[in-house]
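Alright, structures below, take your time with them.
Here come two complexes built around chain A, the first alongside chain B, the second alongside chain C.
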Partner chain A sequence: MTLWFLRGLRRGVVTTRYPARPDDSAADLPTPPVFRAEDLDQALADRLVAVCPSHALRRDADALVFDVGACTACGRCQEAAPGAVTSSGEFELAATSRGHLVKRIPLRREARA
Partner chain B sequence: MTTSDPSIHPQRTAAGATPPEGGPDAHEEQATAELLRQRIASQFGRSLHIRTLDTGSCAACEQEIRLLTAPHYDLHRLGFFFTPAPRHADLLMVTGPMIRAFDIAARKTYDAMPGPKIVVATGACALGGVYQPDAFVHGSVGGVLPADVWIPGCPPSPLALLHGLLVAVDRLAEKVAGLSFASDDRAGEGLQ
Partner chain C sequence: MTAVQPGASGTLASLIGAISGASLAETGSTVTVKVPAAELEGAVHHLAAAGARLADLFAAGQDPTVLRLVWALDAERQYLVMQSDVSGQEYPPLSDVAPAAFAEECEIYEQFGIRPASGKPLNRVALPPHAGPDFPRLGHQPPQAPAEIHAPHTVGGHAFEFPFGPVRQVGVESLYYGLVTSGEEIVDLYLFTWHKHRGLEWRLRGQAPRDALFHVERTEGLSAIAVSWAFAAAVEAALGVAPPPAAQRTRAVALELERLYNHAAATAALCQATGLTVGQSAAEIALERLLRLNAAAFGHRYLFGVMDVGGVRRAPEEAALRAGLRGARSELRRAADALASTNSFLDRLEAAGIVTGEQARRLGLVGPVARAAGLAIDARKDQPAQPYLEFPPAVAIRGSGDVLARFQVMQDEAAESVRLIGDLLDAGAGAGTASLPGAGGSGLGWAESSRGEALAWVALDADGRISRARLRPASVRNWRGFDDACRSQNVFTDIPIIEASFWLTVAGTAR
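Let's look at the complex of A and B:
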């Protein structure tokens, strides 16, 4: 506090820009999930769509459509598939177009080698 | 403020500031629109006043918005201020799934704001996540007010809100357009 005050007196500027430095509390924030493309087959995608309570996940023919805007970061998909779905750690998600928030995650080919 | 200049007070429509398609003047109009956008951005780059609009939210978003004025986040250092009057506001921060009973109040609030104005849809409800359209809610802000910036999160943390506000006034670039939310890199390293 004293250092901050003296620095402000010396420079004449007491405020900082955003973000001045990474915020410690940001690590604890719930964040939208990241999907591992190699684990994502049709059965898993259907299970994730069924478990999502906020209509953030949708199945297309060959992709899982993830609407980041609709995601509440509740973590149910991570619970349903712990290895395949992890937390992204991204919370600065503001978008200038609604379409930027809709992500298509390609499903794995069904042919199992 | 050059308030006498008519070009900085464009008439907003629900479709945003996009010029009409086609026609011989389309390119000229697009150039004009881009110039206008830059001038508006420079206007918003100064001190900016925010009016919040709760359209049926659970108040978690309001809790986070309230925290913006706390010393840790200190919204005022960036030149943002909250105002109780829409007539003094440059930016409308809309939370909640836009309940239909609030239509007239939302429209009045939007109309009362002087142009140019920004609408920021805040939280998963306002973005169309939690509630689907039914007899009581529109389900998202988009159909009622022309949103310019979308801030996801349930609720968005104060840091996310700060980032969203700075994106809204063109002081920070948005990050989410470049994110894929699929970890393809690890799949490549897996050697399978």
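Let's look at the complex of A and C:
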């Protein structure tokens, strides 16, 4: 405690870096998906919306709307479309606005062959 | 789990034969008997007198509402489901004969609007006070609101009521304590658990079983494997399918990992409750290592996404599991050994929160709480199914029924879980799922969670969708023993210690 106090006085910084060091175990954690827009058409988007149990996905006309804040990283969308959906590896999801957690992914206009 | 030795023979047949008007309805993995409502009270008396354990009571349907009583015949290694059609608004009072049924009688009244004919007041246990006619429920709204006999009230004499909760300190679930005290000693205690009601059984209706798993494993997140195993086994019993043997062993590996991290968490909570911060940190280091081990072995710290109906969705990462298990176990054992020789810890545990064997039997308690009170009940041994038929556990038991006995049972079980995981991995644990026919049926499933026996009963319609799913985690049973444990000559500061030793969840009962 004393050391932290003195270090803070000397540097003018009262918090540590985050993370203080890389955490290897983070690689084992389930993380929200990322979507390859070039692989997504309306039919696939509808299929992904149907398998999402927490309603983190919805289709809005020609866009797939992904609410990262509602995603539980269950992996069902990745199982449904392993090529178009992959794990992001990102679990640091803090945002200053709730809206920043909602992403719009434009869909291909024509269906994939 | 689903049993492997069905049929109604021997003692079971004589038990059923002595019930007036009983008819055998099903002899699949679980024996089901139909009993006329008029004979129900006598049947309950008969089975209770014969030593059967009333494991659950629930209802389904409307006009008539069907009551189902799940009896565990532990000596016979068999579950018996007794069902009875109730046409009117009342059914015979069952908790007068089997006190373990009272909480369920209350819940059935809130959900289905039918009540025991005794006219005794029924508590509010499940639905919140604002549950009006449009509130999602499984059946009819009751004609009158449940009695608020436990609402904050004036207490006579020198005793007064000290309300605490439902919002408690950071990270602890919502739970309202009504503490009645004369100063320090606990005269009476009651709980409100309905603040967290989520209507999960209502939500499961109409879902395909595999889709329902998402909600099922979140019923009691700290028992995700046990509750989803019970549910999956119930569906498998209904459809007559069996998971591949390697997948059954994977289920058991995950279940024992779940037991390990829960017992480590309970140990840390006991240290926190007794003010031992060094011991708490040591136990939490072990807990964190176990959670990371879960993630390394199964991809999720709380083992979500492992279970599937008909099998498992993934195999364990065997090398990571073997490499990490020994170290994590050593960490927990080091903390537990140090605590076992710390007098200031043991003094707080000894003779605190006593649950006698008779209380445990009368209230139908399960798991470490019952085993610490001398009842050697463990679904892995009493209702064995694969893989526990091949890998039977040594059941830890103590007799004093206090917090210390529960702590000792948990430590013995942690050691046994490590042994079992090693044996299961040696035999081969893999992924795999049996194909499911799209058919109807009903079945009972069970698993021994870290808190005790978890049960599920599932009915599927002709399309294979859920028409009724009953989920009964162990927390549902054991909360009813908590107030008895707190009343037995304890003081305020004993309550967090007793709660840590029960290691229950509010979510599990307010499902």
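As a convention for this text, the second predicted complex is superposed on the first by the 93 of 113 C-alpha atoms of A that agree within 3 Å, B and C clash if a C-alpha of one lies under 4 Å from a C-alpha of the other, contacts with A are read in each partner's own complex, and residues count from 1 in each chain.
Here is the rule we go by: a contact is a pair of C-beta atoms (placed from the backbone, for glycine too) under 8 Å apart; a residue touches a chain by one contact, two chains touch by 3 or more.
None of these values were measured; they are calculated from a predicted model.
**Q** In the overlaid three-chain picture, which partner chain does A:Tyr18 touch, first (chain B) or second (chain C), both, or neither?
**A** Only chain B is touched by A:Tyr18; chain C is not.
**Q** With the two complexes superposed on chain A, say which partner A:Leu6 touches: chain B (first), chain C (second), both, or neither.
**A** neither
**Q** Tell me which touches more residues of chain A here: chain C or chain B.
**A** Here the partner covering more residues of chain A is B.
**Q** Is A:Gly75 contacted by the first partner chain B, the second partner chain C, both or neither?
**A** The second partner, chain C, only.
**Q** Per the contact definition in the header, classify A:Arg98: touching chain B only (first), chain C only (second), both, or neither.
**A** first
**Q** Tell me which partner A:Leu29 touches in the superposition: chain B (first), chain C (second), both or neither.
**A** both
**Q** Quick one: classify A:Ala43 as touching chain B (first), chain C (second), both or neither.
**A** neither
**Q** Chain A residues touched by both chain B and chain C?
**A** Comparing the two interfaces on chain A, one with chain B and one with chain C, the shared residues are 25, 29, 54, 74.
**Q** Residue numbers of chain A touching chain C in their complex, please.
**A** 25, 28-30, 53-54, 74-75
**Q** Residue numbers of chain C touching chain A in their complex, please.
**A** 211, 214-215, 292, 295-296, 299-301, 304-305
**Q** Taking the complex as given, what residues does chain B use to touch chain A?
**A** 74, 77-78, 124, 127-130, 132, 142, 147-154, 156-157, 159-160, 162-164, 166-168, 172, 174-177, 179-184, 186-187, 190, 192
**Q** Enumerate the contact residues on chain A facing chain B in the complex.
**A** 15-19, 23, 25-26, 29, 32-38, 40, 54-56, 66-74, 86, 88, 90-98, 100-101, 103, 105-106
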